[in-house]
Every structure is written in structure tokens, then in C-alpha cells.
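Each of the next two complexes has chain A plus one more chain, namely chain B in the first and chain C in the second.
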Partner chain A sequence: MRRHPLLPLGYFACAAVAFLLAAMGSVWLASDMAGHYYHPRLLALTHLVTLGWITVAIMGASYQLVPVVLERPIWSERLAGWQLAVMAVAVAGMVSHFALGTGLGLASAAGLLAVGIALHLLNVGLTFRRVTRWTFTARLILLGHGGLTLTTLFGVTLAFNRVWRFLPDDFFPILHAHLLLALFGWVAPMVLGVSARIYPMFLLTPEPSLTVSRVQLWSLTLGVPSVVLGVMDRPPLLALGGFALALTAGSHAASILDMVRGRKRPQLDWSVRFVVTATAFLLPAAVVGLGLAVNFLAGPRPALAFAVLLLGGWISLTIVGMMLKVVPFLVWSRVYGPRAGREPVPTLAQLCWPRAESLAYALLVSGIGLLGATVWLGDVVWIRGAGAVVALGALAFATALARILGHLRSGGVVHVEAHAR
Partner chain B sequence: MERPWPLTDLPEARRVHLDVREEIRAGREPFIRIMTAVKALGADQVLVLRAPFEPLPLYEVLGRRGFAHWTERADPDDWSVWFFRDAEPVSAPTPGPATPARDARVVLDVRGLEPPHPMVRVLQAAERLPLGSVLEVRHERRPIFLYPQLDERGFDHETDEPEPGLVRILIRRREARA
Partner chain C sequence: MKPDAMRSRTPAPAVSREQVMQALQGVVDPELAMSIVDLGLVYGVALDAGHVRITVTLTAPGCPLQRAITDWVVRAVGKIPGVEKVDVSVTFDPPWSPDRIRANARS
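== the complex of A and B ==
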């Protein structure tokens, strides 16, 4: 079995570019962010974040982590390579056609995106066929891919509706269901499942207990269909689903706190700090989300703040943290793995750039927190300022990643020479 | 956990005991004393270090000097870590010649190490493995990234899970086919 670290690295590089563009876009679109979220340019920005950044990053992580988690090689790395090309074209097409407001172009790009996602589902599905041990992580990855399938079906339906108009005039329930499926049906199970396996590996701590895992699995399984049905046609289910998802979030946060407290690795590097801080964003996100679910809060302002806290705070900071751990490992495997045991090789920490990572941490955490507050207030100047802080943070993160990736180009020659001296 | 081969039936004369619990509780740094003891170790001696917590940073420091470790915990604040020279072929404790035999077995426990240290330690030990000997690696999980490296370097390997939380990988140098 030969594994190519360059495959997930390609996904991560594309995702990081999308993150940087989206962060810069938040400065440019500050006045739109002070208005209603159903705006062509805001829809473009949202899809750049959810598809270009989050989904592409999770797919890349899948191709690196699924073999580790399932202890099986991925079914076809070549197919995964083709899938990245399809995804890149499709996401670029969707984002630009959303911004331009062209229905047919959007529907075509959505169709192409569905092909890219189908290739991913096929690859992961055929990998799962060989799984014999259904761990918590394996179950959540499967659940997440079920959520991805439904999210795609809802999304393609909405895109085709722009051309052929077959949905009722009030299509907002389907739009909200699409977003909730993406957040809680696709992204949340993937983050929960992967973190239960990967964080213990790097924090040197036991995996979450069976009870905690069961609470997360069942509350998510109950919560996702409840909120989706709730926003579509059954309002009482929305509150029930909201509480179930708040329980998932609380249980996940408690398990992360347990792992951090029980760790054998005394120092918290920047990647772990990102992950822990990302988890802290779940608290305000859960409060605002519950407020929306029980109708205590309403309207585009808290809804946008909820999206920023969840997409920017919890999910994006988690992905940034994971990338700062996984990318050095993949680069190390590619450049130094074949030399390990034969000559001195650097450690993972020596591949990283802590100063850039600490700068990214300070800027992204403060910027996203500020952005969440300012979109709620709807003040353009403050939104632009917060967006600028996020953009600078994304730039620091991209710089830190680029420096790690630079080892691929130098082939480690510079470092090994320095090591020898 | 079962004691690794190099430590089974180890005579007391080959054990060097060092207790740093009081020193750490008094707020003093025992690192220099530990390293002095390590430097003074004879070729066949083992350092038995007692500490009030698991001394994780030492695993890496001494690992780079070719020491493997085996850890026991008597109480939450009483840890004994046995540091022994790693990847020296140690024959099974049966009567026989002192030189490594074809069936010599080297045990390497890489549990509790952060990636990619387990891979580095295993590949270092594998590269020094004589033909006919076996490297027994004790791991927390199946090392998916290690297998391709072993395949490319001409090692056969087989993995089993004798108990929950313990993955055992047996590695042998592939014999040249006639």
C-alpha cells in the first residue's frame, strides 16, 4: 500500500486559498454583511467558506485521516485526485455565478459540484465496505457522509429552482434546511468523529469515554432531523432539535476539556490552542442558536452572528488547528519519512513557524469574535474593521502553511545541512 | 503490561536506581542528575527512575540516545520508568550463545509517543535489525504510515492485537530469494 501525502496536501492548499479569499471578501462585502443574508454576494461568500474552505478541507482530511481512523487504505487515490480538479472548477463556478446572479451558470456549476461530491462519496463508500470495526469515529464519518448527500440534494434542488422554478415562492424553509444540514449533518459529525480519534493521538490522552461518545452520537442523530423538519414544516421540532444539538455541543466541549486536562503532553502548541479556542466558540454559538430555535431571537442579524460564530469560530478555527498539525506531519512523511532511521531528521516542531502561528491565533480569534458581534450590530465600519483583522489572521496562517510546504520544494536539504552543522 | 524482553529476569546488579521524587517536590530540577546517571550506565545496565509523574520529555531525550523505556505506575504520584538500551538484539532468556541468534527478538514500546516519533524509533531499530532477528513493536494503534516505509525498505511485517489498547507488530528483514 503506497500512500501519497501530496493528495491531501493539494486539498489543504486549495482550501487555504479559499479561506484567504473569503477573509478578504469579508472586508470587501462589509456593507452587504450589514444587510440581509439572502444577497447574491453574501451567498457567494458563504459558499466560498462552506464549500471552498470547509468542505474541501474536510475532504482532504478524509483522505489522510480515514485510512488512519478506519485502518484501511482509501479505495482510489487517483479518483480523489480527479475529484479535487472537479471540485475546484465547480466551487469557482458556483461562487462566481452566485455573485453574478446567473441562474443557468449556477445550476451548471451545482451539477458539476454534485459530480465531485458523488466521486468523494463513491471513494469513501467503497473504503467503508472493508471496515469490520464500527468505532464511534467510523459511525460519525458515515453519518457525516449521509449528511453531505442530503445537503447536496437540497443545494442542487435550490440551484435548479433558479432556472426552472418548481419550488413554492417561499423557498426559505428549504434554504434554511440546506444550511442546517450542511452545518450539523455534514460538518459537525466529521469534526466530532475525527477529533475523538486524532486529538488523543497528539495530546497523548485517552479517547473519550463510551458514555460521552454515545451522548454525542444519539443527540446528533436526534437533533439533525428534528431541526431540519422543524425549519421546513414542524416548528415544535425545531426547539427539540435545538436542545439536542446544544447537548451534542456541550458534550463535545466537555470531552475536549477532559482530553486537555488529562493530557500527558504538558505544552499546548498553537494548533492545540486553536482547537481549544474553537471549542469555546461553541458556547456563544449554542446560546444564539437556541435563541433562534425557540423564537426568542429572530431576523437576519442574530442569524448572521450565529453563522459567523459557528462557521468562523468553531469550524474554521478547528480546521486551522488541525491543518497546523496535519500539514507538517504530511510534509514530514513525504520529505523526511524515507530518511528516518538512516540519518538525522527534524521533528514536526522544527518544520513549524510558531511566531506566524501565534500571530494567526491572536488575529483570527479576536477578528472572528469581533465579526460575530459586529454583524449582529450591523455597523458597516466595525464589520469592515473586524473583517480586516480576520483577513490579516488568514494571511498569517497561509504564510505559516506556505513555510511548512516549502520543505517539499527544498526536499529538506537546507534543514538537514543545518542539522549536520 | 508485560515487561519487555530486555528487562525480564534482570539481575539487581544490572539495575541503577535513581529516585527524584523528593527533589521535584522540593522544586529542584533533577535533569542534570538524571543525565549524569545515564552517562555513567554500563553497557548492560538499566536505569530505573522513580518520579512523581510520568517523565514524558525524557522519553524523547533518552530515545535520541538510543534508550527505550518501560513504565510502571504504583500510585498516581509514583512512577518507575526503566530506561534500557534500545535495538540491541537481546536473545530470549534461554541457555545459548551470547551472540545474537537468528531468532533474537528486540522489543520496542512506542506507546505514549507523539507522531512521528514512533515511526522514527521503529525505523531506526529496524535499520539495525540483523537478518533473522525479529523486532517486536508495541503500539497503541495500527501505524498506517509506517507500513509503506517497511515495505519499501525490504521488511516483512505482521500485526495483531493481543489485548485491547495494544497493537503488536512483528518486523523481520526480508530474506533474499534464490
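== the complex of A and C ==
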């Protein structure tokens, strides 16, 4: 099962650029973030985060991790390469047309994005055809791709509606359903599924128990359709779905805590610290989300805070942690793996830059926490300050990543000589 | 074999299991920074004169390091004087678990 490490690295590099731009965008768009979330520039920022950063990173991780978790090679790496080009153009188009407010351009970019996502679904679907062992992870990855399909359908419908106006005047229920599908239908199952298989490998700990896995699977399966139908037409289902998803979050957090406690690898590197801290963000996100689901909270302020805690806290910090783990591995395998045992090579840990990673950790964790609080308060100055902290954290992360990727360019010559001395 | 030929050829040194395990101690999982011996990934070593057969496992099926680790094992054991051939087989039966890690070797 040979895989080309440059394929996921291409996805990760594009995603990291989007993350950096989005973090800087949060400083620039501070005044918009203090207002209502349905604002052209804020929609552009949201899609830069959800598509450019999160979706592209998950797709890249899929091409590295899906073969590991499914024990099957990806159907076509060449198709995955073409897909990245389509996705990059489509995401850039969507973000710019959202910001400019051009309906036809947005609809065209959304159409192109649907093509990119269809290529991904085809590739993963044909990989799944050969799966014989339906593990918890395999089921959640399948669920996640079902969620991605629905998210895309809702999103393309909304984009086309900007030109041809076929939806009812109040299209907010569809907009909310689109966001909930993206968060809980696509991203959450992917994070839950992959973490159940990958974190035990990082931490040297047993995989989560069957009971915990079942609770997560069934509560998510019940929760996602309930909240989607709840926001669209059946309000009582929203509370039910909210409780089910809070149960998913709680059992996932408990399983991560179990893994950390039972680990046989005492030292936690920065990548694992990111992942564990990301899970901690689920607690405030679940409280705010539940408050919104039962109508205890309402309006754009808590909704925006919920989005920041979930997209920035849980999902983004998880992706940052996973990238800081997977990227050095891919680069090491590519540059030094073939030379290991023949000549002195650096260890994988020596590729990393712990000082930059710790700085990124401190800035991103504090910045995202602060951003969540300040968007709730709606204070422009504080939002801008929190955004600046996040942007600096993203810069530290991008620098740490660029230094690791630099080994690809140097071919490891300088570093091998240094270690030989 | 003719006696002259026997005199001109130095007999290959016998290879011991300890030598093989010592060589395998140098094969390190790059992510975990631990030797495959300490990780408990070496399931068996069989010696037949200069022919060494090694059975290893990986921390997970589908591990992207499968090919690399096999190459490193061949390379490390192949350096032992007297080793003429190294065969490595990978098995997942029984599956590896963290309990197999040597207690004094945890990173």
C-alpha cells in the first residue's frame, strides 16, 4: 500500500494558507463580527474557514488516514490531485464572490465546488466498495460523507437561489440547516471516527470501548436529522437533537479523557496538547449549543459565539494538532525514510520546532477563547484584539509547518550532515 | 566439497538470536521514537544457519510504515556477520496492543 506523501501535503499547505488568511480576516472584519452573521463579508470568512481550511484539511487527511483506518488504498491518487486544483479554484471563487456579493459568480463557483466535492465522493466511495470490516471509524466516515453530500446540496441550492430566486423569502431555515449539516453531518463524524482510531496510536492507549463508540454513533445518527428538521420545520425536534448531540460531545470528550489517562506515552507533544485542548472546547460549545436548541438563548450573538467555539475551538485546534503530527511524519518518510539505517538521519521529533508550536498553542487557545467571548459581547475593539491574537497564533503555526516542509526542498542534506557531526 | 576449497573458505560465523535482537534494537519507529523490540513488534526470530526469518507486527493494520519497517529490518539484520538471507513476514495475529510495550522503555 504505497502512498504519495506529497498529495496530502498539498491539501494541508492549501488549508494552512486559508487558515492564516481567515485568522487575519477576523481582525479586518471585527466590525462585521460585531453585527449579524448574515453579512456578505462574514459569509466569505465563514466559507474560507469551513471550506478552505476545514474541508480541504479533512480531505487531505482522508487521503492519508482513510487507507490506514479502512486498511485499503485510496481508489485514485491522480483523481485526488485533480480534485485539489478544482477545490482551490472553487473555494477562492466562492470566498471572493461572497465578499463582492455577485450572484452569478457565486453560483458558478458553487457549481465548480460541487464538482470538486463529487470527485472526492467518487474517490472515497470507490475506496469504500472494497471495505470488508465495518468498524466504528468506517461507519462514521461513511456517515460523514453522507453529511458532506447533503451539505453540498443545501449550499448549491442557496447559491443558485441568489440568481434564480426559487426558495421562499425566508430562506434562513435552509441556511441554518446547511451550517448544521456541515458541522454535525460532515465534520463531526469525520473527527469522531478518525480520532477513535488515530488518537490511540498517538497516545499508545487502547481504542475506545464498544459501548462508548455505540453511544457516539447512535446519538449522532439521531441528533443530526433532528436538529436539521428542527431548524427547518419541526421546532420540537431541535431540542431533542440538541440533547442527542450534547450526548455525542460528552461521550467523545469522556473517551478522549480516558485515552489520555490510560496512555503509555507519558510525554504529550504539542500536537497532542492541541487535540486534547480542542476537545475541552466542546464543553462550552455544548452548553451554548444546547441553550440555542432549547430557546434559552437566541439571536446572532450566542450563535456567533457557538460557531467560534465549535469551528475555531474544537475543529480548528484538532486540525492544527493533527497536522503537526501528520506533516512531520509524511516529510520524514519522504526525505529520510529511504536513508534510515544507511546513514545518520534526524529523528522525526527533530523536524519539529517545539518553540513555535508552543507559541502557536498559547496564542491560538487564548485567542479563540477570547474571540468566542468577545463576539458574544459584540465589542468591536475586543473582537479585533482577540482576532489579532488568533492571527499571530496562526502565523506561528504556519511558520512551524513551513519549517517542516522546508526539509522537502533541502532534501535533508543539511540536516543529515548536522546530525552526522 | 574438496579439501582445498574447504581450506580456502572461512566458515561463516554462527548467528545468534541475541545478535538479531540487538540489531533489531536499532530499528526505531520514527513517530514513537522507540525501537521495534521495545514496542513489542517483534513476534519471532527463526535461525537456519545464515538464513534469518523474522516475524513482526505493526501498531495498526494499514500502517503506512509497513514497507519501510520491513526494509529497515532487512538492512539492520543483514549487517550481522554470517547472515546470508533475511526474510521478514508481517502478521496481525495476534493484533498488537500497547500492553506489549516493555515497561522500562516507554517514551
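Methods note: the second predicted complex is superposed on the first by the 419 of 421 C-alpha atoms of A that agree within 3 Å, B and C clash if a C-alpha of one lies under 4 Å from a C-alpha of the other, contacts with A are read in each partner's own complex, and residues count from 1 in each chain.
The rule we apply is simple: a residue touches a chain if its C-beta (ideal position, glycine included) is under 8 Å from a C-beta of that chain, and two chains touch if they have at least 3 such contacts.
The structure presented is a predicted model; accordingly, all values stated were derived computationally and were not measured.
Participant: What does the overlay on chain A give for chain B and chain C, a clash or a fit?
Facilitator: clash
Participant: Counting touched residues of chain A, say whether chain B or chain C comes out ahead.
Facilitator: Looking at chain A, the partner in contact with more of its residues is C.
Participant: Could you say whether A:Val68 touches chain B, chain C, both of them, or neither, answering first, second, both or neither?
Facilitator: Both partners.
Participant: Tell me which partner A:Leu6 touches in the superposition: chain B (first), chain C (second), both or neither.
Facilitator: It touches nothing on chain B or chain C.
Participant: According to the stated criteria, A:Leu204 is in contact with first (chain B), second (chain C), both, or neither; which is it?
Facilitator: A:Leu204: touches chain B and chain C.
Participant: Touching A:Leu348 in the superposition: chain B (first), chain C (second), both, neither?
Facilitator: Once the two structures are laid over each other on A, A:Leu348 reaches both partners.
Participant: With the two complexes superposed on chain A, say which partner A:Ser333 touches: chain B (first), chain C (second), both, or neither.
Facilitator: both
Participant: Have a look at where A:Val287 lands relative to chain B and chain C in the superposition and call it first, second, both or neither.
Facilitator: Touch status of A:Val287: no partner.
Participant: Can you list the residues of chain A that touch chain B in one structure and chain C in the other?
Facilitator: 1-3, 67-68, 71, 201, 204, 264-266, 329, 332-333, 337, 340-342, 347-348
Participant: Under the touch definition given earlier, write down the residues of chain B that touch chain A in their complex.
Facilitator: The contact residues of chain B facing chain A are 54, 56-57, 112-117, 119-120, 122-127, 141-142, 144-145, 147-149, 151-152.
Participant: Show which residues of chain A lie in contact with chain B when the two form their complex.
Facilitator: 1-3, 67-68, 71, 73, 201-202, 204, 264-266, 329, 332-333, 337-338, 340-342, 345, 347-348
Participant: Quick check: in the complex, which residue numbers of chain C touch chain A?
Facilitator: 26-28, 30-33, 59-68, 71-72, 75-76, 97-98, 101, 106-107
Participant: Mind listing the chain A positions that touch chain C in their complex?
Facilitator: Counting only chain A, the residues touching chain C are 1-3, 64, 67-72, 197, 200-201, 204-206, 264-267, 325, 329, 332-333, 336-337, 340-342, 347-349.
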